[in-house]
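Supplied in structure tokens, the structure appears directly below.
Each chain gets a letter, A, B, C, D and E, in the order it is written, and its residues are counted from 1.
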Amino acid sequence: MPVPGATSAPIPASAPAAGYYEFKPFNIGRWIVWSLFAVVLFVAPLLFTSSLSQTMLSQMGIAIIVCLSYNMLLGQGGMLSFGHAVYSGMGSFLAIHTLNMVGKGLPIPVSLIPIVGGLAGMLFAVLFGWVTTKKAATPFAMITLGVGELVWASSLMFPEFFGGEGGISSNRVTGPKPLGITFGPQIQLYYLIAVYTFVCTALMFAFTRTPLGRMLNAVRDNPERVEFVGYDTRKVRYIAFIIAAFFAGISGGLAALNFEIVTSEVVSGPRSGAYLLFTFLGGATFFFGPIIGAVLMVLAFVLLSELTKAWLLYLGLVFLFMVMYAPGGIASLVMMNLRVAAFGRLRELWVSYLALGATALIVLLGAAGMIEMVYHLKLNPALGPELKFLGAPLNAHGVNSWFGCAFVMLTGIGLFELTRRHFVHQWGEIQEYIEKEVKRREALA
Amino acid sequence: MSDSSSFALELRDLRKSFGKTEIIRGANLAVRPGERVAVIGPNGAGKSTLFNLISGRFEPTSGEVLLNGKRIDGKKPFEINRLGLSRSFQITNIFPKLSVFENLRCGVLWSLGYRYTFLKFLADLDDANDRAEELMKMIRLERKRDVLAVNLTYAEQRALEIGVTIGGGAGVILLDEPTAGMSKSETRRFIELIKEVTVGKTLLTVEHDMGVVFGLADKIAVVVYGEVIAFDSPEKVRANQRVQEAYLGSHVADAQVGAH
Amino acid sequence: QQAPARPAAAPAAQGNQAAAPSGGGALKGQTVRIAFMDPLSGAFANVGQNQLKSWQFAAEQLSGKTPSGVKFEVVGFDNKGSPQESLNTLKAAIDQGFRYVTQGNGSGAAAAILDAVSKHNERNPGKEIVYLNYAAVDPALTNEKCDYWHFRLDADTSMKMEALTTFMKDQQNIKKVYLINQNYAHGHQVNKYFKDAMKRKRPDVQIVGEELHPLGQVKDFAPYVAKIKQAGADTVVTGNWGQDLTLLVKAMNDAGLKVPMYTYYAGVTGTPTALAAGGDSEVYVVAYGHSNQKGDIGQMAAEFKKKFNDDYYTFATYNGIQLLGAAFAKAGSTDPIRVAKALEGLTVKSFAGDVQMRAADHQLQQSMFITKWQKAKQGEYNVENTGYTFVPIKQMDPYVSSTPTSCQMKRPAG
Amino acid sequence: MLKVENLHAFYGKSHVLHGVHFDVQPGEIVALLGRNGSGRSTTAKAIMGMVDCTGTVDWKGQQALGRKPYEIAHLGIGYVPENRDIFPKLTVHQNLMLGQKRANQKARWSFDDMYEMFPRLKERQHTEAGVLSGGEQQMLTLCRTLMGDPDLIIIDEPTEGLAPKIVELVAEYLKKLKDRGVSVLLIEQKLTIAMAISDRALVMGHGSIVFQGTPESLRADAYTRKEWLEV
Amino acid sequence: MEFFTISLLNGISYGLLLFMLSSGLTLIFSMMGVLNFAHASFYMLGAYFAFTTSQLVGYWPALVVAPLLVALIGALFEKYCLRRVHKFGHVPELLITFGLSFIILEMVQLVWGTSSADYRVPQALGGPLFTLYGTQFPMYRGFMMLVAVLMLIAIWLLLTRTRIGLVIQAALTHPETVEALGHNVPRVFMLVFGGGAALAGLAGVIGGNAFVTEPGMAATVGSVIFVVVVVGGMGSLTGAFVASLLIGVIQTFAVGVDASIMGALNAVGAPITSDTFGYPLWRLKISQIAPILPYLFLVLMLIFRPKGLLGTREG
């Protein structure tokens, strides 16, 4: 697909959407967006009621906060961190210790425990950030890697604090119970998380509209020049780092409440890596990108791995293709289409999208069928060659199944290529139109 | 030397070596407030290096730099900027992924006292926004308000570079080849613009284009081989034999007129 | 051969006779589904996948053959080795109607599941879950963290150490012992229990070194071997597993340091292959089973090998199914509340004598074996097709390894 | 030697060159003049295969269009880009080395020739090119291309940012090239030097050639100068 | 003395081993600026390829064939994937190698199964090379050191005797200009990436049987190889070499040091007991943290000398 780089996307994270002489309709748009967000948060658990989906929704909220906070570093500050889990994780640990103390009579309401986590994350950021933010770019990335590895290694060495292998567990049903809210049932906790998610998202969005938030963008783009307009880049990075860690810590605190157990995996390198991968997948160049990324992260880890043993393979492939064809993440795809919509041309694309989607699905079906057969042969040899794939019986030893899958896939590829060509043409034509239109409007202005 | 506080900018026996090579070899210069100084000299003479030393990008090996009578050598760029000195770059150096308006606003925030705050909305900072709008008008980029800096044309980027430089309201402005890469007509317009936006300020600018130099400057400083060999009015500098030899060559007159 | 319960396990006596089928007929034809949660993907999937197969195999073999006559079905959930993911898989399993879950790889995940099951049962009466822990050996799980719904089929670190030191105390050539362990809970425990036990059993044995190294971080064990050698150790004791074990053994081989090693985990999937590639070394393993079992279980292992070309060594799966089957019969139901109660103190016949689920802490009391790693002779089990095998050199009755518990079990009212 | 016919070039969808025709003979200096944005740099890039284009670029009887830039370079066309694309992290000497198409080639030009021409470069030989002064960088790009021993060299605004004295030097240098049989396509703003050294001048406007002739005839053609060059 | 000599030997050989593991990464990182997270995966592929080829045709051919196969995969990856994302910047480059590492891991498990491969040291290289104070020095370790040194020489020649290094460095910032000067940039990039992958593959051939060939092997090499590259200094091959040796030696000697902060403080009369705040930290012995010292080293190095030991640039 001819998806242009993120740079050509119309409204970058930093665009002055909340600019100065803002015209009214846009603000209405903003109201609508935020209200929608609130409604989605509110309604989601009413639609998905199983206990798994409720815990997944809770985890999505938690992931949203932490991915957004990660993006304060990556997307807004250009700081590639390999150790963000340190801050969310330390938030978790201190939160759970606090929760245990609440159990022993410390008078803090359970609903404020995440704040404790946030403060803890912040504290560690004040300490570690002092060294990590001394540098930018690759040295920064590498220091965070080193600090992350050190903390992770320590987490196993100090069972007194980290609880050893079993971690620290606790019980969130403790302390006073205002209005009978115990946070015992998942749904009550979900709404606590939802409130935090909404507030933190709003706060982090607000942050992007503040002088520091803007200077952070400037530091990302051109640190040298920032020094010549009066700012100490190191300090900008440091403060932003601390703020990001605060939100990460909040998410860690919520996670502690949600799981009621914290083990050393929460500060691990793979965890930090997951934040990076999914923030990027969602789209680091747009504020809302990490939200998409966070939702996908939970889906991938919880659902995808339930559905198929080949989930890591699929994940790897998704990354490969996303990075190659949509380096701005999913958010950039969304924004590009919004731009087309803004010029009133999205309608024409529906058919193409449907066709693209359908043909891509065919390719996927064929390919996935074969992948699943291979995995089945490899992993479940004892269960015989038969397997069910999306309800269809396949025989991993049968020529028919293989031939069928290959046929489906090849047909899919052929059809996809045809529709893709058509789409590319159409897309190019629309972009041309938009460019002209922009020029024309500029000329009028 | 006269009372140093009467100078906006003063260099005293400034030296800078990179490794074993000494690039700036004892430069002295004293610029009075409100003067427009053109810094000229052969390629590699050390003009940009001089600017880098003054603005804190490099630390001098020895010598002093005084801004309004206060020592600034060895300070960090942002400290110097806060003391009222601002510079532009020979190679365009702006915030590519921010819009024109945002670029300018970044340039004014510190001087208006907003510092590292994250408790106020940018949209509510009326003074900063007004100032940025004003700057945008000055550099004639109103129509490109929301365009990302990368997507500007070269000349527009150069204009933005100047806008960001003067935004902070510094009293001493250093411009390094502001018109490099522009056509004659653009250059001419641009010089007007520079004149306009630096009214009442002390200006140092590096230029190779003699037309510009003579059009813009009250005084000319000639840098050769890391030293300021002459600092005088344009006429006198032009007449100076050493300058002739070292820099201008025989076609000065041509260079000025012929290019049109 | 009856295993007399130690004083601490007094309540166990009640259950002793209960293994006889009672009401088995009524349950015949029912299917009980067990959710298996361990890493099935990623770099450490090998053990999990072997063990899932083991469970499924045991379920298939024993379906309808236990006193209750129920059928068993084991379904794998991938917890990726992560405690938090385990909680998700647990939720998923609960949503899908599973009432029995089993897990074993990693005490971290075990603690998380134990805790979550406990809370779930408390908060959702009538939907109780029973958790069978088949391999997570942190003693805490049956001591300070013990829980009514958790039943451990493996022997914990302290029990294995009891058995191991009982064997070692008779080895007169052991004079100077070097302890090398991973620097985390399990390693700390191995150190501690070894020192405690040896002080009691062989006060003359000197501990010449006590090393803790970071988990999974050491790529080169040569410096440690140099240290061991310098300390003049004649014996090495380690709870290391995975590459921390194989690399240690290889490094000792390479340096020509031929001292016996006493280990916990030389038999885990992949480790024998790696050991064999490293050459001959004197390695002992303490476990509740070994690869040269005769009888039922021996046959099962052979069949498993034929079917999967893989080793069946997680015999806890066998005990687990047997125990459940007997408990269903005893309870006359497959309802977890009644089954949990029935499991307490239950004794069943295992592949090596009787085993009993001690009621006090839900820790299975079973025989222990010390085996030695050596080239397989004709007729001996060829571990992972390496040409090597683990031969039993000592079997110990359950009481030998039985350790007291500090568990204060909270049992549900009624 | 070089014959360009009906050259159209595009940046994405925007059509920049609209049918350019011209040629360069062996040993000739041709100046390509025009206002900013008229398409001169694009013409150079098109010849080098660095932009999408259609038409004919005939080089010594071969079609050059459609080849990769490095193939074109190997055919003997050298290109000095306009924005001083020196390699900042490499030393001056290394920059020159990269000008050679293969190591230790025998060519018209040696390192010493270059250093002789611009002694300044010799002094800075082992300095990272990124820290050179603007003018030094410009000299370096010129020399670097020359090291590849081209038969035709396309130079985009070589005097940009150079002190007047150095501009003269460059002019002489270009004449020297000519003496050694190298053709030059010179893209310039500064009419003076272009007029002084070129054999022919082309004027470009809105993506096509609007004037061809000798410098004298251009000087005489007040209309063209007014309409297409001055403001 | 005995312990010292043996530790020094161990340290140097471990250092060389680290260099062997990271040389390909150094090559790619320093020349192309790509943090190749799939490097360890190439290492793993090398081991598995060698395992299979050595079963078919023996160890010595495998020593050549396996790295070539890995190089091929690396080159194809560069050509069809990495090249396309180069223009998007370093983060996408890094992420795409992340993606690749997942895919390689899964592929390896599909082809060779999830368990360890029985890949053994060849007979000819088994056994001790010499015996020192009663401790054997294995022949295979000697072989490994030899290969590491050969790798160093090969890369050094590549960098100094050819202009590939220059072409790549220049092309990083100005690909078009380099091409216009007559260099086939894409091919050079492909060769370098393939070459880096081949080095990783070779390390795998040799490391696979010296250690363990299993799907987890990539993860265990993991981040320590980055430490070597960064501590040595980006862009510096000799730096990486020196850093490897230094880390090897320091780490090895650290294993032998059983001192702790508590011990030191107690010695100077500031008693620390189990009640003192932070007791577990003070109690920690240096030997216990030896394997994670490299990370500490990395952090300190970047703070105090961000260019690395012999590096010339910061990023």
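Some notes on this structure:
One rule holds for everything that comes next: a residue touches a chain if its C-beta (ideal position, glycine included) is under 8 Å from a C-beta of that chain, and two chains touch if they have at least 3 such contacts.
For clarity, every value in this text was computed on a predicted model and none was experimentally measured.
Among the other chains, the CA centroid farthest from that of subunit B is the one of C. For subunit D, the chain whose average C-alpha position is most distant is C. A separation of 77 Å divides the Cα centre of subunit C from that of subunit D.
Here the spacing of subunit C and subunit E, counted between their Cα centres, is 36 Å. With centres taken as mean Cα positions, subunit D sits 31 Å from subunit B.
Subunit B and subunit E have CA centres that are 48 Å apart.
Contact of a single residue of subunit C with at least two other chains is seen at positions 42, 49, 183, 212, 214, 217.
Residues 5-6, 74, 80, 131, 134-139, 141-143, 145-147, 149-150, 153, 157-158, 160-161, 269, 273, 276-277, 280, 284, 310, 312-313, 315-320, 323-324, 327, 374-375, 378 of subunit A touch subunit E in their complex.
On subunit C, the positions that touch subunit E within their shared complex are 42-46, 49-50, 183, 211-214, 216-220, 222-227, 229-230, 242-243, 246-247, 250, 254-257, 269-271, 273-274, 276-277, 279, 310, 384-386.
Interface residues of subunit E, counted against subunit A in their complex, comprise 35, 81, 84-85, 87-88, 90-92, 94-96, 98-103, 105-107, 109-110, 113, 222-223, 226-227, 230, 234, 279-281, 284, 288-289, 292, 295-296, 298-299, 302-303, 306, 314-315.
Considering their complex, residues 55-56, 76-78, 81-82, 86-87, 89, 93-99, 101-102, 105-107, 109-111, 114-123, 125, 128-129, 132-133, 143, 146, 148, 150, 164-165, 167-168 of subunit B touch subunit A. Of all residues in subunit E, those touching subunit C in their complex are 2-3, 6-7, 10-11, 13-14, 17-18, 105, 109, 113-121, 126, 128, 131, 134-138, 140-141, 209-212, 214-221, 224, 251-253, 255-256, 287-292.
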